[in-house]
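Okay, so chain A shows up in both of these, paired with chain B first and chain C after.
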Partner chain A sequence: MHVRPVERAVLYILIALGVFLPLIFPFDRWPNLPTPEVEAVYNTIENLQSGDTIMVAVDFDPSSEPELYPMLLAVMRHAFSKDLYVLGVCLFNPAGAGLGMTAFTTVGDEFGKVNGTDYVFLGYKPNMVAVVRGMNQNIGRMFTVDAFGRSTRGMPIIQRTPRLRGGIKYLVDLAAGETVRPWVAYGSTPGGYPMGAGCTAVSFADYFSFYQSGQINGLMGGLKAAAEYEELVHMKGAASAGMNSQSIVHVLLVIFILLGNFLYVQSKLAERRPKGEAR
Partner chain B sequence: MTFMRRQLPIIIAFVLGVFTFIIFFIPSAASQEAGLTLDSWVAIISAFAMVLGINSILGQHIERVGKRRPGYGYSWVLILSFVAMTIAWIPWWRAPELGAPVTSYYPWGGLENTTGVFSWMFFNMMVPMQATVFSILAFYIASAAYRSFRAKSSQALVLLVAAVLVMLGRVPLGTSLTGWISPESTFAWLRLENITGWLLNVPNAAGFRGIVLGVGLGIIATSVRIIFGIEKTYMGGGD
Partner chain C sequence: MNAFDLIGIWVAAGLTLMMLSFLYKDNPFFRLGEHLYLGISNAYIVWFLWWTIVRPDFIGRVFVNLEPSQPWTPNYSYLVPGILGLIMLARMVPAIAWLSRWALAFIVGWGAGTSIGPTVNSYLLAQLYSTFPWVNLGPVVGAPVGEFVPALVNALLLFICVFTVLVYFFFSVEHKGAIGRTADIGIWVLMVAFGASFGSTVMARVSLFVGRARFLVQDAERAGHAFSILLTIGILIAVIAGIIAKRQGRSPLEPPPPLDAPPEG
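Right, the complex of A and B next:
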């Protein structure tokens, strides 16, 4: 069906208003109940002991930043509030390294953590499969320097956790692309550590089968999951603020679909009607 | 020269392919060390592939500008952005140690210099622009939902109903529509989040599992073909 320019303009204006108005005039109307798959990630981190180490993979770039960056901040805040050591890496896109560096230092500073001792962000390296396999055996060999260009040799957190296998208690992969699969196949399964994942809403359905099979023990999909995690850690942020917009836009999309189908059925009925009757 | 171009790559692929396959199943320290060395090599070679990629994209856009092809103005934007970010990234002066106070303005260097030009360009230009491009999808989806998502057949109707339920079941406003049904009642399965969960957990997971298994088998088959020299398209040329 052809959409007239006026119709398209109305659709776009409604979507824009649906996004902007709840952000300009925030309200707390609809409860965002945590789903079991998000609670699973939260509970795994919650049940770790102070002093345990986890790995957070920042496998997204700025195009997925609105959905996954709030998720990253929420997970980091939870980990640091539990006094966990956190290793960070980016194996998806070099642009993701900048986001990881900012998130780690921002949340690290919030909790008074020391870069290189309590956490480290190792930065980006190409060829994910080789890097994951290598990190399972020796992190310092795969990353001789961290994202800030400092040598990892003698870095306290790398001395505490020289390899992922047997070194970390949990891995969270925040993925914009096809990184969960290699982490499962070459990281968590041979390394013997549990893994959870976060992804964009679009990828949520793709990764659900991994959650169902138990290859990942938790799954956070899109902004909604980020908002749920913020609720769980009692630190509301950008994700919670965006949920009203997302709710309204989803309902608008449903209305557009129903309206489009209503017009479609109407046009089909008009085609079937005898011409004289139509007049 | 044919040996260097045709036979040698196949020999290297065969030897390293079989070697990597074997050491994967041998848990001894020596084989693990060999595997780690190979992984380091692969990471280094992949970095060179990025250089080839940069060369390719720049070459294409320089050619487009040179021949004044339609849209060559956008190619100028790409070339100038690339040059500007590369110059800004080069660490002309030594960066202060991490955590040390920045006593003087120091504009060059990568993201480690949070007050530098590169960092400013990354966070104030690249991040918002990429996020904006992705966000524009919402408008296209709205237009497509209105224009194209039609129940023209029974299969399309099933897809449409599933899509509407999942879209509503994945947002708080949607789940609040059926929030009045008690989670303990017999009809709790009618709550939107439960219907969405079932759709994702049963039909969706079944479909995707089939796809994943197919992809896995495809990867194995292609790997075997490459190792044994049957698949040669990765060498390019086609001659």
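Right, the complex of A and C next:
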């Protein structure tokens, strides 16, 4: 039993309608109730004092942008609204550095923050293990220039926070790949700072064991978690808008699965029936 | 919105529709978008790595003072990683390809030596420790029954699931009798885990489509109705392609032969 081209086209059209219609005619009726894992990240940042420094690792690239970029914006807005200093880095893929640069400057401008004083995006470096270990000791030696090519020597935020160990109060890793594990093993554990993570929905089940073990104190998975964070900071954005489409498509998928299984069972029963009974 | 932003949004909207056109069938527009993506992303990465790594971390530390206003002395120790990095490129010249093994040997040796301790601590011991029920029940000892009982069930379930899956992957004993039944439970646990992962994966894929759709509907439409205009052009092209396919005796929705397939006959 296979899907015929016409049936496939119908499925695509229904999914497209389910995605596009809520975006064309937006509504705000379905709340995204925060889960404890997302609340844990929010509460940690909320309980920091003005003037504390956090690190946000932009460990994703454009292929995960729809899920993780809204999360990045929500976390950045929360941090800047609390007057925290924010360090940024990208250790996953050089293609992600551009997203980090855009997010840091966009949200920084929204809150009137100064690049290099209130925040810095350090950009990309290969060999994540070596870089994380090096940043625990000395950020300026590991990154002589930031993502914009400006020298970090004499940069006020680097002078305030010369190293991660003892310098930052929280680390949030927004990960499209396997970067949460190295950050836990080489960053937060030896560095002694708490860590939360945001990841794609694909990785959520994998990383939950780190949340359960307490190695990370909060975990945000996929677009839904991003929408929950937007709800918590009262700044609804792309994730909240996308969740209406997401919810409708989920209902459609459940209907497709039930329908597909019903038709499959029906076809199997028809095959088992004696041929004489067939009309 | 300045002219560069406007052009950028139109190009992005066009490329998004080119990639989505694969849902209809493989076509030259999809191939163009695919090749542009590969070419541009690689060019960007090379430029970015040169500008933020090779120039400041190698050239700027060994050969040239990139900050003339600051005191500078060359640090020749950076020649060692610089040379190791350069000989990695020897793989492209067969006669001296063996040189690259030195750099690889250094990376493998350093990586193994550096990662064994933290890996065992963080990925094995910490995860194993948090599997035991008494560890997970510690925080809820003395808590109300309504809080303690769910935590107890959760802790026992976690321990049983991990144990049965480990038994399933223990191949030194034949899976018969009690071991076999335990391994069978492990299979069910794995199936549930795979189901959860698959569900999350579907959610992630839908999220990617939602992200692109949001860009088309909200960002591109505000930039001179880029989405409506480009979608109309795309539909017109698809209709013309469908008419041509019909004249050739093929169904428009029939999967076409691959573009790089040899001609028939």
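Here is the rule we use: the second predicted complex is superposed on the first by the 279 of 279 C-alpha atoms of A that agree within 3 Å, B and C clash if a C-alpha of one lies under 4 Å from a C-alpha of the other, contacts with A are read in each partner's own complex, and residues count from 1 in each chain.
Here is the rule we go by: contacts are C-beta pairs under 8 Å (C-beta built on N, C-alpha and C of every residue); 3 or more make two chains touch, one makes a residue touch a chain.
Just so it is clear, the structure is predicted and the values come from calculations on it, not from any experiment.
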Does the superposition put A:P31 against chain B (first), chain C (second), both, or neither? first
Identify the partner contact of A:R150: answer first if only chain B is touched, second if only chain C is, both if each is, neither if none is. first
Under the stated touch criterion, which partner chain does A:V254 make contact with: chain B (first), chain C (second), both, or neither? first
Could you tell me if A:K224 is touching chain B, chain C, both of them or neither one (first, second, both, neither)? both
Which partner does A:L99 reach: the first (chain B), the second (chain C), both, or neither? first
Quick one: classify A:P5 as touching chain B (first), chain C (second), both or neither. second
In the superposed arrangement, does A:F262 touch chain B (first), chain C (second), both or neither? neither
Which partner does A:N138 reach: the first (chain B), the second (chain C), both, or neither? first
Could you list which residues of chain A make contact with chain B in one structure and with chain C in the other? 8, 12, 15, 19, 63-66, 95, 97-98, 125-126, 129-130, 133, 147, 149, 181, 201, 204-206, 209, 212-213, 221-222, 224, 246, 249-250, 253
In the complex, the residues of chain C that touch chain A are 23, 41, 44-45, 48-49, 51-53, 56-57, 60-61, 66-67, 70, 111, 114-115, 118-119, 121-123, 126-127, 129-130, 136, 158, 193, 196-197, 200-204, 206-214, 217-218, 251, 253-255
Write out the stretch or stretches of chain B touching chain A in their complex. 32, 35-36, 38-40, 42-43, 45-47, 49-50, 95, 98-99, 110-112, 119, 122-123, 126-131, 133-135, 138-139, 141-143, 145-152, 160, 163-164, 167-168, 170-176, 179, 193, 197, 200-201, 204-205, 208-209, 212
Chain A - residues contacting chain B, complex: 1-3, 7-8, 11-12, 14-16, 19, 30-33, 35, 61-66, 95, 97-99, 101-102, 115-116, 125-127, 129-131, 133-134, 137-138, 141-142, 147-150, 181, 201, 204-206, 208-209, 212-213, 221-222, 224, 243-244, 246-254, 256-261, 264
Which bits of chain A are touching chain C when the two form their complex? 5-6, 8-9, 12, 15, 19-20, 23-24, 63-67, 94-95, 97-98, 123-126, 129-130, 133, 144-145, 147, 149, 151, 153, 181, 184-186, 189-190, 200-202, 204-206, 209-210, 212-215, 221-224, 238, 241-242, 245-246, 249-250, 253
